[in-house]
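Naming follows writing order (A, B, C and D), and every chain is counted from residue 1.
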Amino acid sequence: MKNKCLMAVVLLLVGFSGVAAEEEALAGDTLVTDPMLLFPAPVTNLEGRDSDNDHGHSVDLSWELSPDDGAGQRSVMKYDIFRWIPTLMDSADVIRSAIGVALTAREVDEVPGADWNDTLRFLRDVLDTLIVQFPAAHAAYPNDGEWRRVGMVPSGEGCFEHSGPKDRLSSDFLPDYCDFRFRVDAVTSDESIRTSSDVAGPIQCYGQWFNSGRKPVLVGVLVFGFLTILMVSRARKGADLYVRPISGIEAVDDAIGRATEMGRPILYVLGLGTAADVATIASFTILGRVAKRVAEYQTDLIVPTYDPIVMSVAQEVVKSSYLDAGRPEGYNEDTVHFVTQSQFAYVAAVNGIMLRQRPATNIYMGMFHAESLLLAETGVEAGSIQIAGTDQIAQLPFFIVACDYTLIGEELYAASAYLGREPVLLGSLKAQDYAKAAVVMLALLGLAASNFALPWFVNLFHVID
Amino acid sequence: MNRSTYIVVGVVVVLFLLSWILKAVSLSGEDHRYILHGFLITMSAFLTLAIFSFLYRDNPFYKFAEHLFVGVSAAFWMTQGFWSTIVGNLIPRLSAGFSEFFMVPHQPSPWNIAYWIPVILGILLLMRLSAKYGWLSRWPLALIVGTTAGLNFVRYLRSDFIVQVSSTFVPLLGREPHQWQGGGAFISHLDLSATGQLAALLTNWIIFLGVFCGIVYFFFSKEHTGVFGRASRVGIWVLMITFGASFGYTVMGRISLLVGRVTFLFRDWLELIS
Amino acid sequence: MPDVGVMVPLVAIFGGLIWLLVRAIRGREVERRVIFIFIFVAVATPILFPITFQEHATPVVKDLFDRIENLPPGSTILMSFDFDPAMAPEVQPMANALARHSLTREHKIVFMCLWATGQSLLNTTLEYVIKPDFPHLVDGVDFVNVGYKAGNEGVLNVIVSDFKKMFPTDVNGVPLDSIEIFDKVGSCRDFDLILTVGGGRPGPKEWVLFVGDPANVPIGAGVAAVVAPQLYPYYPRQVIGILGGIKGAAEYESELAQTHPRFEDMEKPGLRMMGPQTLAHVVIMAFIVIGNIAFFRGRRGRKTE
Amino acid sequence: MRQLVPLTITFCVGTLLIVSVFIPPLGDLERTFTLWFDIIAVFAFFLGGGNLLRVHINKLWRRKKDWGFSIVTLAGFATMLAAGLFKIGNPGDIATAVDAPGSMFYTIFDSVVVPLGSTMYSLLAFFVASASYRAFRAKNREATLLLLAAFIILLGRTPFGLMLTEWVPDSFSLLQIPNLAIWIMNSPNLAGQRAIMIGIGLGVVSMSLRLILGIERSYLGGDNA
């Protein structure tokens, strides 16, 4: 049945494709090389508004192209964007450069004993007073100011984003809540032959409280959050939740048994992640499980760590596992120890441990970088059973090749739910699967959309940064 | 240590001294600190060879290099952290006096008081050395985990998820989105040239089906049987090709690293090549 | 007597491989230390006695070569050094070859970097490649070095519409307005080609996203091998050609030497690096074959027992 | 109490940072929190350094196996720490970078840490070979695919790839090994990577949510510790 459905979808795609056929328009784009340049027609409908979804300090301008741009005389080469700037802003620039000089002087300390901090404080105060007057200065248009070029776009483009940093010490600082006025010149290949547009304004820029460009992300956050909470609460009520076996995790118990039989230790490597990396956090759960088993079987455990915070968490986890197993006296402070926070020195040390203490089982779970193969190949040399898991795509091939079992990406995160068998964790796993199903559906819809020229659907996923 | 080990160590020490002398002699013309530099190059070469000796088996030279590396690198990161984070970022915000001592520009701001929070949390972290108040060390941990959880939640949803999903929206009928030029054009492109239309279409189909089956493999809450199981099996195949290809592709970079080390030995140490 | 130096290790490697093959056919496995020795010899020999293999330019490389070759002399090219010393062995040979090629075709080059560490590497290229090879070219007339600006993608965002806003002067403090090359260059759109050499972030990908696409300027990229796969999807539309890793550099160098005989004797680090690479790859592939033979013979042996 | 406070902190901070993504004025929070993280991490160095000293002094004291090498570690640690903290031999005053060329810190870094690190890294060249020999065997269908993909890519990286298949006509140029290698990198490889990435993306999102909601609390250790 499912096969038939798929076939139907494919047939539909093929069948409708004729409708979507488009002919390429031939654009004859030839340049006019007329020495007799006339003044071009000005741009029209110049409009400006505050840029969306930002923290202010930015204005979007748009206009209709000059009739002589790409058509008519074809003489327009570019557009110059001008803004009316009150002279007060120049005074601010003078203060700014003074601040710059004072800052450099303080660093170099050319004048011994001079207290530059006081000077700086004074200059900053002056600058602040000036900035307060900016709105009034702009409102005084057209007195005490002049038009200055603030940007340029090539011909054929009808929009421009005029933005500046929000740092008031920067000379490009663009103040919020000031009445800006703009005009756009259509310029020919001869810079002096140009036509100005009507003045647009007043336009103010200001910050927004919501970034609507990130709506798709917000929808994702809400949908996913809702799914998880729903599934977790269903799981709490006792819904039966299945989890497929993950062979790498099943193998852990056997490997611990093997180590016990051989009377050799188990090496657990948490990788190079920090305590905040998701892979490391997933690894803590698995470490807890391993430590508990190890405590029960009275085998030795070695956990060399790379990050001091990871070390302290791992100590906590192992200690409480021994408590849970009812053998607090079996916990040894040296089980979890710090090596060094340098990638290859860490590898050198762990490799040394492998060859000297010959662990029966090596478990690598967490974030790994180039050291993955260095560790895993040495483990092979030492004759250990090896189980690995990482979310670093670039390192997965090496673990796959050199280890007996490998948890691939998401399997590592799922392992904690799988091991715990707690309904809450299983519930969130279920939510993850629903999200995956949604991905598949969306991908199918998106495919149809991109094949049948429905760009609006594809644009739904467009995230503006 | 048995007798043969002593002999080997003795020989290596003699070679080391010999190399130092020869290196210093060869540098003496151009470099006024030739004795020191002769030693440093010999030391680098010795450490390089000590690590390579690990390929044969574990031995005292490797142990020496390993232990030295651990000690020096641990201190390296600690001092780096001290100078860049504490002196570079924290002190300018907290204390004018210390800023002057370390000669870093003081950055006064009313918000600076917030920087006491990480300091306090940092001290709380050290509490774990105390048996009684060890539990306080969980607070900074909670802050760190909360921070990254919050950041990751949105970041991954956006870049790894939404963007990846939308880039799977590939045209299956023509090279460009909705540019299907009818059956005739398709048939006339029925060759397998690397830049041809058929190859491009094939690529798109494989990407789409590959992603689809790959995702099926990562379903955890459904048994992998029947059609579902077959798709998941195809998913594993796609993953295997991925892993094989990535492995093969990285070999080149790894060899380059070895070339670098061997070049160091031949050029900087032995001066066999220029 | 480099020939003897080359022949002896080569005979040793291939003789050894054949011996191992014979052993494998009898179902015997190879010890890993033996593999290590083979790899070491395969890498060390070509370093001591340079062996170069004939390289043919693949289409991705050839496309970029042809573009530079066919631009009318006097075209302006922007070249960005976006890498650090760690990446330099892999990508600097590309930068050198691209610069040589462009200058010999009499194009004007504007050099810049998005990485602070790129500045010194850029100087290396200017000092050791351009000065000796093109002594008649004048800094500020035939090429300009505008140096480094902090800001990563932000820099790109600005120069795509106004180059001089980000780089008012070159590294020597000469205003760009007084430099002839910049008479017709206002923004990145005015370059005839942009070459970006790098491998991290910001790098070629950012050039495509922030400059190539919005300004519709052709981009050629030289990248470290690790990042090259991420760039292939942009070829041939947004990126007209890619030199990927040492192999890309080697292909470009051999193409350059073939087309312009004056470069036959130039330093070819890319081709030289390919010697160890090729031998090591061959050795690894030989071991994969030997491993499979040993595996199947071993399995048959176990079955018959 | 011992669990509640940390869980509350995680919840509040996590939620705040999620919200900040959508609210431009809070855009700087991310940087602030990352800086805090760095500062806390420096305090953790005391834990790490303390532990390192403890382990090695212990080994030395009890004359455990290989105790002599612990002296090397301790000496290296002390020397480097002193060279870095006191900026021994630095050209210029206290404000110059700790790793300015000429300083003792830089010298040790350049002639000990760099050669050791890059040599350790270069061992990968050997291990890549031994791993390929051992693991790329056509044991079953999956292993065969792994082997074939790797072999084609390897072949495509050498001049022999082109030599072997140069005779293939241009209309079938996809089957020429260098092109085939690029094609494998671009399509099946890309598909596999993307599937893993989507999975990881979802996994991270889900795990983050579990952390914020306090469902996943393994990082806090047990209740009783």
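The rule we apply is simple: a contact is a pair of C-beta atoms (placed from the backbone, for glycine too) under 8 Å apart; a residue touches a chain by one contact, two chains touch by 3 or more.
Please read all numbers here as calculations on a predicted model, not as lab measurements.
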| Most distant chain from chain A by Cα centroid | C
| If you tally contacting C-beta pairs, which pair wins, B-C or C-D? | C-D
| So what's the Cα centroid distance for chain A and chain B, whole Å? | 18
| Between chain C and chain D, what is the gap in Å from one C-alpha centre to the other? | 26
| note | Cα centre of chain A to Cα centre of chain D, whole Å, reads 18
| request: Find every residue in chain A that makes contact with two or more other chains and list them. | output: 214, 217, 221, 224, 274-276, 278, 281, 309, 312-313, 316, 339-342, 344-345, 348, 356, 393, 396, 398, 400-401, 408-410, 414, 429, 432, 436, 439
| task | Please list all residues of chain B that touch 2 or more other chains. | result | 51, 54-55, 63, 65-66, 69-74, 76-78, 125, 128, 141, 144-145, 147-149, 152-154, 157, 161, 165, 168, 194-195, 208, 211, 215, 218, 239-240, 242-244, 246-247, 249-252, 255, 258, 260
| Going by the touch rule set out above, which residues of chain C reach two or more other chains? | 32, 36, 39-40, 43, 59, 229, 247, 277, 280-281, 284
| Residue ranges of chain C touching chain D (in the complex, touch as defined) | 30, 32, 35-36, 38-40, 43, 53-56, 58-60, 229, 232-233, 247, 274, 277-278, 280-285, 287-288, 290-292, 295-296
| note | Within the complex, chain D is touched by chain B residues 40-41, 43-45, 47-48, 51-52, 54-55, 63-83, 85-86, 89-90, 101-104, 114-115, 117-119, 121-123, 125-126, 128-129, 134-135, 138-154, 156-157, 159-161, 164-165, 167-168, 191-196, 199, 202-203, 206-211, 213-215, 217-218, 235-252, 254-255, 257-258, 260-261, 264
| task | Quick one: which bits of chain D touch chain C in the complex? Just the residue numbers, please. | result | 125-126, 128-130, 132-134, 136-139, 147, 150-151, 154-155, 157-160, 162, 178-179, 182, 185-186, 189-190
| note | As the complex stands, chain C meets chain A at residues 32, 161-162, 186-187, 189
| chain C-facing residues of chain B, complex | 55-56, 194-195, 249-253, 255-256, 258-260, 262-263, 266, 272-273
